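Next come two complexes, and both contain chain A; in the first it sits with chain B, in the second with chain C.
Here is the complex of A and B:
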């Protein structure tokens, strides 16, 4: 009897999963579905969030790209997704994976993602990863942005701190300041206000010695 | 209440609870020809103080004339009213009064309470109303009843008002008997004025014109048409050269008599006039000029706001809309859409007025590996 109940429960879960997948893949034409089917199959086996892959495929379809091109984009995305999943282990959320994929795409090393996971402990990395990517896309060097974002997490920076940092850097860059210089400047206003703050000198020491520099 | 003022309510609606104002002071010369006077000239000063909001209207004005033969005339008018808006209707109640004094006669005055119902849309309206009060002339008091209706329309700096008003009251008439005896007797009068009033402004120049036809249906008042025109040219934002010419009919409610007049004056205003120096209409938002922010809202939702000056249509597309074009709603000077999505980073693009999909100007661009770029929006 217990076994039947388990089978029923598994069937319900499986049915739910299929329904969700059908929903997220809705709108994709058969050519695209066929092209990405092997990628989806592998992603399912790796327990990757399939909706991110379907969304990627839908973006290509909206742009009326050929299925072959969409397939390449989805495959690249799935590979980075798998990398992000491993780097953000043990239990990355879908928003974290999504932000991690973007970070990897802009050149952030996977080791930085792992360091961020360790530094954030239980906190979500969705916003910090997003801001890391943003900083790099605005022109801050990958190495500097990575070190500083990890340092911010180690000192208990909240998503609001990261958002504020990005806004200030954006304003500085628009005003003509060099992105790296702007980041250094703006961090001086943030570090002293963090929950586990140390003074600016200690923060520099912490960043240099306490954090493994990304390769 | 002046219906030019009421016409201004359409635009005042955009600034609820704010007071519009008009404060002017005229000083100049007048040429006056009354039926019982020879042509006279003199000095004329006039002032207007007006404040109105969506519900309240206050007007006070006065004028004083000293003519060359040494006689002087002064008149003070005031009105106050309160409107209750109800959908497209405005229900108004108020009172108007005036006092007229001349150096060779006793003062005359009138006090009238009134009520009106207005139907108002953005650029046109209509009203109907009536009132009653007293008229005080030569130490006697008479009753007075009024009724009026009209329509007005406005387009930009141009206004046109068509109205009809009826008055039933009494005035003092002079009866001269053959033996030379002169009697001042009460004479009931009734008349209806149909008028058309226009106002226009072109840069520094503004003009008002009145055409009126009186039909007197009781008493000895003449049934006659009349017209008047006044204009002002604002030499500076606060000073104008103003002039007026026309013919006023006798007004038993105010105690004024029929006369032709021409005036020229310097007008000083506490408010700025003439060409309004507003910022130029923002040019249509060019590709990539629009900026975007996302703020958390209640219930786990986020509100995405787009600043796209001059845009007529704004659409958002990205992973947070499942790559479906989603139109935003105009809210004040910005465009908004409320979405349920996750915190973190999202890929977005904007389309302005049906043009090409572009990356919002304030977002960093990242390669979408599909041959283009997307904006990276981080939702806190």
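Here is the complex of A and C:
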């Protein structure tokens, strides 16, 4: 069995894949490899990071799910990955792409990803996107969470600000507060401390703008 | 005729007996001091060393300090010094005092640079201070990393699972490509708790434990999420306190 996997890894390299790709695909069985081979081929042509797709496949395999189900999951992932790559251009990092895919999967629109890229300037979006995904998963509406995360980035919020926000919202939700209400409340404690903090009136306007969509 | 209520009362009386003894005239003395304070007079002569009985849970230091010699809040250290232990505890030599002052000044500048700009409640301000500390350090300038590279540098994260009967436990997640054989946890022989420390890139991650090579186990300490495509649950981890 191990020999077959090594042969498959060698064939990946021979087919034009990188050593990293061979490494991440090494644990996949032949049935899974065959099922996802066309998806991998298209992804390679689109210059997508293949290690993320192999990782997605291994996630299914380690849970002993059938190859057909893994194929569907990898195909969906590849589509979201392509969307994230375009939305987070130019030069998104692998952690950003992975976070972007997760955000798209929870229903965050691709326009939000692009807006976040513009707002973040040189900073990484891995944590802000992860927190956006988590906020939506906690029950905050996608629109409100998107607007506020973009506003935080525009005012220079660091990854630590996002994590602090998420921790407070989590505590509030566990205590019984509505997620949207908690986000509004906790932003009042974050916005005034940001590097490019606007005055109180503008901050209130930003926070009240939860129903607007990002540009 | 005794009943449950009598027993309860007996227990309450027993508990009350162990409280600190209070002199019989304590109430009268308190009222006299309040009355004197209202008239703007100095405390009466009976406000002597033993009036610290009104601080039964105070520290030894408070109990040895006569009330009349205790400086009010905000008073410089030497200003309120009178008789008793208070003055002895806080007397310092002039060179040492100058040293303390210089150290405090330097520390003040350092802390001020790390403080949040304004606003927020006390809890928020404290957390913001930590965050601002991280932002204030120009690590990127020293390390040569771009801001994005710095923010995505891996962070050591400890994973813990209490699985007393497990023979082996492995960590799988999107940070190790779900490779069940790459990150085994180590069992602490004293507690039976399994743990490992892994470098993880900042962001949101999903993971699980695999017990004895086959049992998919979520982390009871972490929130969980359901994967829409696979239909299975995983634990969620947010990394990135930088």
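Everything that follows uses one rule, which is that the second predicted complex is superposed on the first by the 186 of 215 C-alpha atoms of A that agree within 3 Å, B and C clash if a C-alpha of one lies under 4 Å from a C-alpha of the other, contacts with A are read in each partner's own complex, and residues count from 1 in each chain.
We adopt the following convention: a residue touches a chain if its C-beta (ideal position, glycine included) is under 8 Å from a C-beta of that chain, and two chains touch if they have at least 3 such contacts.
Keep in mind that what you see is a predicted model, and the values were worked out from it rather than measured.
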item: Clash or fit, chain B versus chain C on superposed chain A; value: clash
item: Chain B or chain C, by number of chain A residues touched; value: C
item: Touched partner set for A:28, first chain B, second chain C, both or neither; value: neither
item: Partner chain in contact with A:116 - chain B first, chain C second, else both or neither; value: neither
item: Touched partner set for A:58, first chain B, second chain C, both or neither; value: both
item: Touched partner set for A:69, first chain B, second chain C, both or neither; value: both
item: Contacts of A:152 with chain B and chain C, given as first, second, both or neither; value: neither
item: Chain B versus chain C as contact partner of A:169, first or second or both or neither; value: neither
item: First (chain B), second (chain C), both or neither touched by A:40; value: neither
item: Residues of chain A contacting chain B in one complex and chain C in the other; value: 27, 55, 58-63, 65, 69, 72-73, 76-77, 95, 98-99, 102, 105, 124, 126-127, 129-131, 133-134, 137, 159-160, 162-163, 166, 170
item: In the complex with chain A, residue positions of chain C that touch it; value: 116-121, 124-125, 127-128, 130-132, 134-135, 146-148, 151-152, 172, 174, 177-180, 201-204, 210, 216, 223, 225, 227-230, 232, 236, 238-242
item: Chain A residues within the chain C interface of the complex; value: 24, 27, 51, 54-55, 58-63, 65, 69, 72-73, 76-77, 93, 95, 98-99, 102, 105, 122-124, 126-127, 129-131, 133-134, 137, 158-164, 166, 170, 189-190, 192-193, 195, 197
item: Residue numbers on chain A that touch chain B, as the complex places them; value: 27, 55, 58-63, 65, 69-70, 72-73, 76-77, 94-96, 98-99, 102, 105-106, 124, 126-127, 129-131, 133-134, 137-138, 159-160, 162-163, 166, 170
item: Parts of chain B lying in touch with chain A, wherever the complex brings them together; value: 317, 319, 322-323, 342-345, 347, 362, 364-372, 376, 378-380
